[in-house]
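The same chain A turns up in both complexes below, where it pairs with chain B and then with chain C.
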Partner chain A sequence: MRRSVSIAGLAAALVLGIGVWDTGQKGSVTSAQEKMSTMEVKIDNFSFGPVALTVPVGTTITWTNRDDIPHTVVSTDDPKTFKSKVLDTDDKFSFTFSKAGTYPYFCSIHPKMTGKVIVQ
Partner chain B sequence: MHPFDIKTVLFAKHAQHVVLIHFPIALFIIGVLFDFLAQWKKQRVLAAAAYYNLLVAAIATVPVVVTGILAWQWELEGQKLKGILLMHLVMGCLSTVLIWVVCFIHTRTRRKQQEVLPGYRLPIEAVAVVIVALTGHLGGFLSGVNGPG
Partner chain C sequence: MSEKKKDELLHDHNHDGIDRRGFLKCMAWAGTGAFCVIKGGVLNSYSLSRMSEISTADMMGELSFVQISDSHMGFNKPANPDVVGTLKAAVDKVNGLSATPEFMLHTGDISHLSKPEEFDTVDQILKSAKPKDVFYVPGEHDVLNDDGKQFLERYGKGSKGGGWYSFDKKGVHFVGLVNVMNLKAGGLGTLGHEQLEWLEDDVKHLKHSTPIVVFAHIPLWSVYPEWGWGTEDSAQALAYLKKFGSVTVLNGHIHQTMQKVEGNVTFHTAASTAFPQPQPGKADSPGPMKVPAEQLRSVLGITDVNYVQGQHALAVVDSSLA
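Presenting the complex of A and B:
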């Protein structure tokens, strides 16, 4: 009787341990996916950084204006896939890329400022 | 990009506003300089030079204001401006008004065939030069010429 209780206890501990390990694994996978799904582009010194960014489908990119000058983030296609308002210092703009493709963009106040997002 | 699309011609990688703005700024400042010299040296030829510079400066403000407002309406979709952009717009309008006021004073005097220009024009011209310079500085800051870029 005592032996069967011990085996049952051991089995329960094993099941519980596997459950905890499995949850931990799922958690780490989820956080990795979350990390993958958001990326940041900094706007500073009249340039986008990084200039070109390759991301998987479903990624949300956030542009943050770290410059003293107002900027915009506008796709070059017509009609515009994305177009931000004027971003003052520390303002942010986010867009989620749900389709694969290449998305060139620029700042409509400073047309020489260009960047590109490649969605795979 | 279509080469005959008006928005492409005016804005995409050209930004005509920042090119055209140099004409009224230069003409107005030189016009005021000639006017002050004419006042000091009492020379009609300098006064005439001042008049023509100020006249062309006033005319040159028209395409500048038009391209500036079109850039705001088309490139920024007329959104409510704030910060440096708003300050640049307000000071740009004020500069335009002052340039036209100075031009009007000179034109009226010439039409009335008066020998002497009114003395009150000089402080107006001095203030106008300061406002124009500040507006140009803000514009340069916005375009990256006077800024960190």
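Presenting the complex of A and C:
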């Protein structure tokens, strides 16, 4: 449990005006984890949409490749937090974000394609 | 030489004359390969689909070979549900040449999804080609999921590091480079330090008069960095080749023929045998990107960049090199 880190992240987000949170920060994180919400990212025309996504901890994001060309979804960190296999047309990849943080990612086949997930 | 049927797009990088509002316009799709002949140390390249218009004299030289590219075996969507058929058609064209080329180069994206059966199918089709030797470099589609292990097992015998190698044919030095591995987020194709060091060493002892042919999948010149059509560290590679009088760079990846001359270096890209891609900037792109398009010019000292794009045939290199 790194709750202190999460709270620091939330405080930073508040200061920067990125997210709008009520004062019950601990409660928000906990309930988000319990809800296990899901979000979608679509790959169209060699881009991730939305290109940046801010979600609560515990969210599962599913990427769907809607291009006629295969793509991948790979985090830029080392070691990789997540790394999909190659996604052909209409293939999907899901990853559940259990820790707060910023997760830049890209398509390892077309590295000009980049995106970001911010987990709060 | 011939100016016929030439469709020139002159592009000044400084002013970025590419029409971003342009609608999607695909190249007339030859779907074949290129016949390359080296004459007097200079490489001329012709689209295989236009060979009937090329005189026998033009086809003669010290050495001839064929470049094919981007067969994307396994692709089955519009504009081409039959990539087997179009690859076979390319082989038929090679076999129909009056003089059999010495060998073939495949500049990558042999497969669409790196599946063993896709490679098997291409191997099988290419066995029916009259030239028996085929030299490969990988495209990004050939190294999916396994960092190129399968590609190296199949095609990389005798190669160095990540699959690069060189060989000599009739006094011409050929260098196969790999620029599709370890791609970094936001970046272009990359050669990497180890390969660059090898290249420097590989060409160090060659006479300056030796014709050099470099082949790699992603263009080694900045065709359109906004779409990733370029190689981050190609400037360094080209610097090692600066001393040679005749340098030709053959690439695939962009599924259309383009040619550019910069000083002593002539760049060609080959059409795909599988499917065409739009001209740079003539379709939706992945979005705005900042990439230095000036690297090659700073190395070679050329200010204006001309993209010469043939409607059907590659433009003929008619400048004699010092």
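Everything below uses one rule, namely that the second predicted complex is superposed on the first by the 84 of 120 C-alpha atoms of A that agree within 3 Å, B and C clash if a C-alpha of one lies under 4 Å from a C-alpha of the other, contacts with A are read in each partner's own complex, and residues count from 1 in each chain.
The rule we apply is simple: a contact is a pair of C-beta atoms (placed from the backbone, for glycine too) under 8 Å apart; a residue touches a chain by one contact, two chains touch by 3 or more.
Here the structure is a predicted model, which means the values were calculated and not measured.
> Mind checking the superposed model to see whether chain B and chain C fit together on chain A or clash?
clash
> In the overlay, answer first, second, both or neither for which of chain B and chain C A:104 touches.
second
> Quick one: is A:46 in contact with chain B, with chain C, with both, or with neither? Answer first, second, both or neither.
Both partners, chain B and chain C.
> After the superposition on A, what does A:62 contact: first (chain B), second (chain C), both or neither?
A:62: touches no partner chain.
> Let me test your reading of the model: by the given contact rule, A:70 touches which partner, first (chain B), second (chain C), both or neither?
both
> Applying the document's definition of touching, compare chain B and chain C: which contacts more of chain A?
So, of the two partners, C touches more residues of chain A.
> With both complexes superposed on chain A, which partner does A:112 reach: first (chain B), second (chain C), both or neither?
both
> Tell me which stretch of chain C runs into chain B once the two are superposed: 183-191, 201-209 or 291-299.
183-191
> Where on chain A do the contacts from chain B and from chain C line up?
Common interface on chain A, chain B vs chain C: 45-47, 68, 70, 72, 85-86, 88, 108-112.
> Can you tell me which positions in chain B touch chain A when the two form their complex?
Per the touch definition, chain B meets chain A at residues 11-15, 75-77, 79, 81-85, 141-144, 147-149.
> If we count contacts the way the header does, which residues on chain C are in touch with chain A in the complex?
Residues 77-78, 112-114, 140-141, 144-145, 183-188, 226-228, 284-287, 289 of chain C touch chain A in their complex.
> Considering only the defined contacts, which chain A positions touch chain C in the complex?
Within the complex, chain A touches chain C at residues 45-47, 51, 68, 70, 72, 76, 85-86, 88-89, 104-106, 108-114.
> State the interface residues of chain A toward chain B in the complex, per the touch definition above.
Against chain B, chain A makes touches at 45-47, 67-70, 72, 83, 85-86, 88, 108-112.
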